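Structures given as structure tokens follow.
You will see chain A twice below: alongside chain B first, and alongside chain C after that.
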Partner chain A sequence: MAKSNSWRQFKAILRKDLVMELRTKEMITSMGLYALLTMVVYQIALAEAGDSFDVRLVMPGLIWVAFIFMSMLGLNRSFVHEKDQGCIDALLLSPVDRPVIFFAKFAGNLLFLMVVELLSLPVFSFLFLQGREGFGNPVWLVGVVLLGASIGISGVGTLLATMTVNTKGKDVMLAVLFVPIMYPLLRAAVGATFAAVIGGPGTVQAFWLYMAWVAGFDVIMVAIAYALYEFVIGV
Partner chain B sequence: MKRNPLAEIMLGLGGVLTTAAFFMAFFWAPGTSYPDGRVDFAQKIFYFHVPVAEASFLVFIFTAYYGIRFLMTRERIYDTKARIATEVTLFFVLLTMATGILWTRVEWGVWWQWEPRLTTYFILTLLVIAYFVLRNSVEDEEKRAVYASAFGILAFVDAPISFFITRWLNSIHPIVFGGGESSGLETSMLITFIVAQVGMLMLGYAFYQLRLREEELRERLEALKIEIGD
Partner chain C sequence: MEETPRNDLAVQVRGLTRAFGVRKALNDVSFELPTGAFLSIFGPNGAGKTTLVKVLTTLLNPSKGSASVLGCDVVSEAVELRHRIGLISHNPLLYPDLTAEENLLFFAEMYGLDDPKTRVRELLGDVELDHRRLDVVSTFSRGMLQRLSIARALLHKPDVLFLDEPYSGLDPHAVDILDGLIAQIRGDHTFVMISHDLDKGLELCSHALILANGKVVLFENRDDIDVEQFRKTYRATVGTGVA
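The block that comes next holds the complex of A and B.
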């Protein structure tokens, strides 16, 4: 009984976020536009590198830079709404378990992040990888990295954004806390993406080694974020 | 508010030991030399760099520990303790960075190298700084304490990573203890190191206790001022 109750509460909060997004389309458009703008900046960054430069070498780094800043934008938006419209107060007043709020917000943020990532990756390939060598390993491996790293980003990001939305600097504060905390995850995500993109002997093994690292980070950090969320959201 | 004689003794003793270790390092412990026979003078920084680095990791444990205590009890003193522990951590972290960079320049020929230990330690530095940036940007006192505790616990995860990473990954940072055949020290070097390390930990303890006492006095003063004002 209690379990099904939590499940209903979870679905209700998630549905609220989805409905709001479907009506305003604010998160997806702002995150997507941000990703596009980042690619324009990449064009500038690579402008003098010449045609012989293999973009695949820096591609894993470039996409994760775009995704990390994009995710901060989305995380911040997701809680600014909650706060400005008094939604978080209403949630706290209603008889919803605090962990349910964490998992619902986590799932919502993960969903939006994955959608924009999956949309912007083909665009990146279209703009930068045409006429280049293809991926060395099956493309679905990149999908595995996206999912693995996005879980960590959204999980820990949900906790940090809940805190920073109440600070003076909001988005700047989120960056200050988020980027160093995320370092181990991002480093492994770039390593795994690189192994998937370049290919060759030993890269599949390297890929799964990096993914083990990503999974370890996800389990430990999301568990800590979950444990701390109850304390953070109440004050 | 009672005086803390132990902290004062530790301060004096720590000062004597670290100074003694300094002289021991130069006049007693044998220097290592390069393959071509030149004396490796830069190695002497080991007796300062490693003790401050170990101290930074150890003191940072208290940030997480008192963070947990605060969240459990909501007693303000634990938040103050966590903050002071982080202050002392920052002090040791900056010393580690400064001495490390000097050694890197001499030994590796560059001021900075993105290798695993240096990278994770740099992240640790950023996290410790971020802790204070976070504190400064929250106005509500309870929120500030809760957020800082939560972030302190989360940030602490990087400390064991940074500590053990030279043993996990291919790192060019030296591993002195338990790192295989080429690691380990001669007895006189080991004794010098232990003196320096013990002295540094005493100093860390003394800094923490004395800063805590100062902070408690300041808070009492603020409370008294408000009382008189009423």
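The block that comes next holds the complex of A and C.
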């Protein structure tokens, strides 16, 4: 009897999701288009604000509203592949520990989300910060928030997408469950992004305080998702 | 006191009940199947056939009672059992956006095969799909999908093969290939097949089971079956015996 190996299974599931996404581009295209359209809508909404309005004051909130809703599109797609032709049964029939499926799906979702976020951010900056003051603190701090918040979004999102994939109206169900749970993370991510963008005295300390909040959310939520996954995906 | 599963039995089911809410898809099902046997399961739609196979393949937990396959309990020894069973369903259970080879290599990794590439090439040859190994599965016909599904189920050389309406929608060539593969591995394997085709099911089986309303109506050794009487019993369940 062959011995299965969790690391090998993790890599196989992740590689399979990457190959399928590179081939279909369903998640990245839908998330990217959503982000782009949201930015266009934001620009129209702020068209009459005038030059005196410092868009940097609302930019962190706008970014994270776009990213939260954009991530739901991708998360919904991440399990649809598994439902096609009953693939999830074949996956569950193999001798794989359920948490391995969770971590592989989580890693894939995190990767796709980060790619779209990193592509969206320069476009966002170009549309809203052109000819205005730039970032008040080093730009890499924004990268830290993106990574920290995306871990929480992907962890909770992977669990909820697994729960809702078999439900009627799964898009609505995911949103109803996802947005309230994301509230603390969203609040901390907006605070950290605001501190990184505005700059000035005390903002670096405020940034790390918010990031501690983000990290705490990530650890707790990913641990809960890991603990519940066998029950959620199972039998 | 809980009974220890016997090693000479491929499948042992005792008082198995599976409920979905208040509805019992399986209701106190019991039977034993010796190693190397071929069981054909018949019954009307909604009789509980697929639920029974899902419980035996660890995809569903029983609500009550117990079931073991090859001496492994389907709940407490599920991971060990999954190494030893395969499932061919009317659903191909394949990723449509991966190629035939990528699909099989993925499942070979999940089962931890030592030399996945060689095994995959060998099986693609057996199911006559080696010429299409680099094509994505979404371009395959129903028959080709089912042949690839057979290769997927046999990758890890399972001891017990579960077949959920495997002949459904197959062209004659695909039927011949599936018949050939079953004949080839028949001696070393135990089979549990759900079928709506009475002739095919009786032709292949060593044991037959009729389910209706989630209950066993009949379980007999093929040699003891009076085919005419069996047909009458089967017809009596179809259309009246749904759960």
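Here is the rule we use: the second predicted complex is superposed on the first by the 229 of 235 C-alpha atoms of A that agree within 3 Å, B and C clash if a C-alpha of one lies under 4 Å from a C-alpha of the other, contacts with A are read in each partner's own complex, and residues count from 1 in each chain.
Quick note on the criterion: a contact is a pair of C-beta atoms (placed from the backbone, for glycine too) under 8 Å apart; a residue touches a chain by one contact, two chains touch by 3 or more.
Here the structure is a predicted model, which means the values were calculated and not measured.
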Superposition-derived comparison: chain B or chain C, residues of chain A touched: C
Touching partner for A:Gln205 - first (chain B), second (chain C), both, neither: neither
Partner chain(s) touched by A:Pro95 [first = chain B, second = chain C, both, neither]: second
Which of chain B and chain C A:Lys168 touches, first, second, both or neither: first
Partner chain(s) touched by A:Thr29 [first = chain B, second = chain C, both, neither]: neither
Touched partner set for A:Gln43, first chain B, second chain C, both or neither: neither
Touching partner for A:Met20 - first (chain B), second (chain C), both, neither: second
Shared chain A contacts, counted only where both chain B and chain C touch the same residue: 235
Residues of chain A that touch chain C when the two form their complex: 1-5, 8-9, 11-13, 15-16, 19-20, 23-24, 81, 84-87, 89-97, 234-235
For the chain C and chain A complex, residues of the former touching the latter: 57-61, 79-80, 82-85, 87, 89, 91-98, 102, 106-107, 109-114, 136, 152, 156
In the complex with chain B, residue positions of chain A that touch it: 156, 159-160, 163, 166-169, 173, 176-177, 179-181, 183-184, 220-221, 224-225, 228, 231-232, 235
Residue ranges of chain B in contact with chain A within the complex: 71, 119-120, 123, 126-127, 130, 133-134, 137-140, 142-143, 146-147, 149-151, 153-155, 157-158, 161
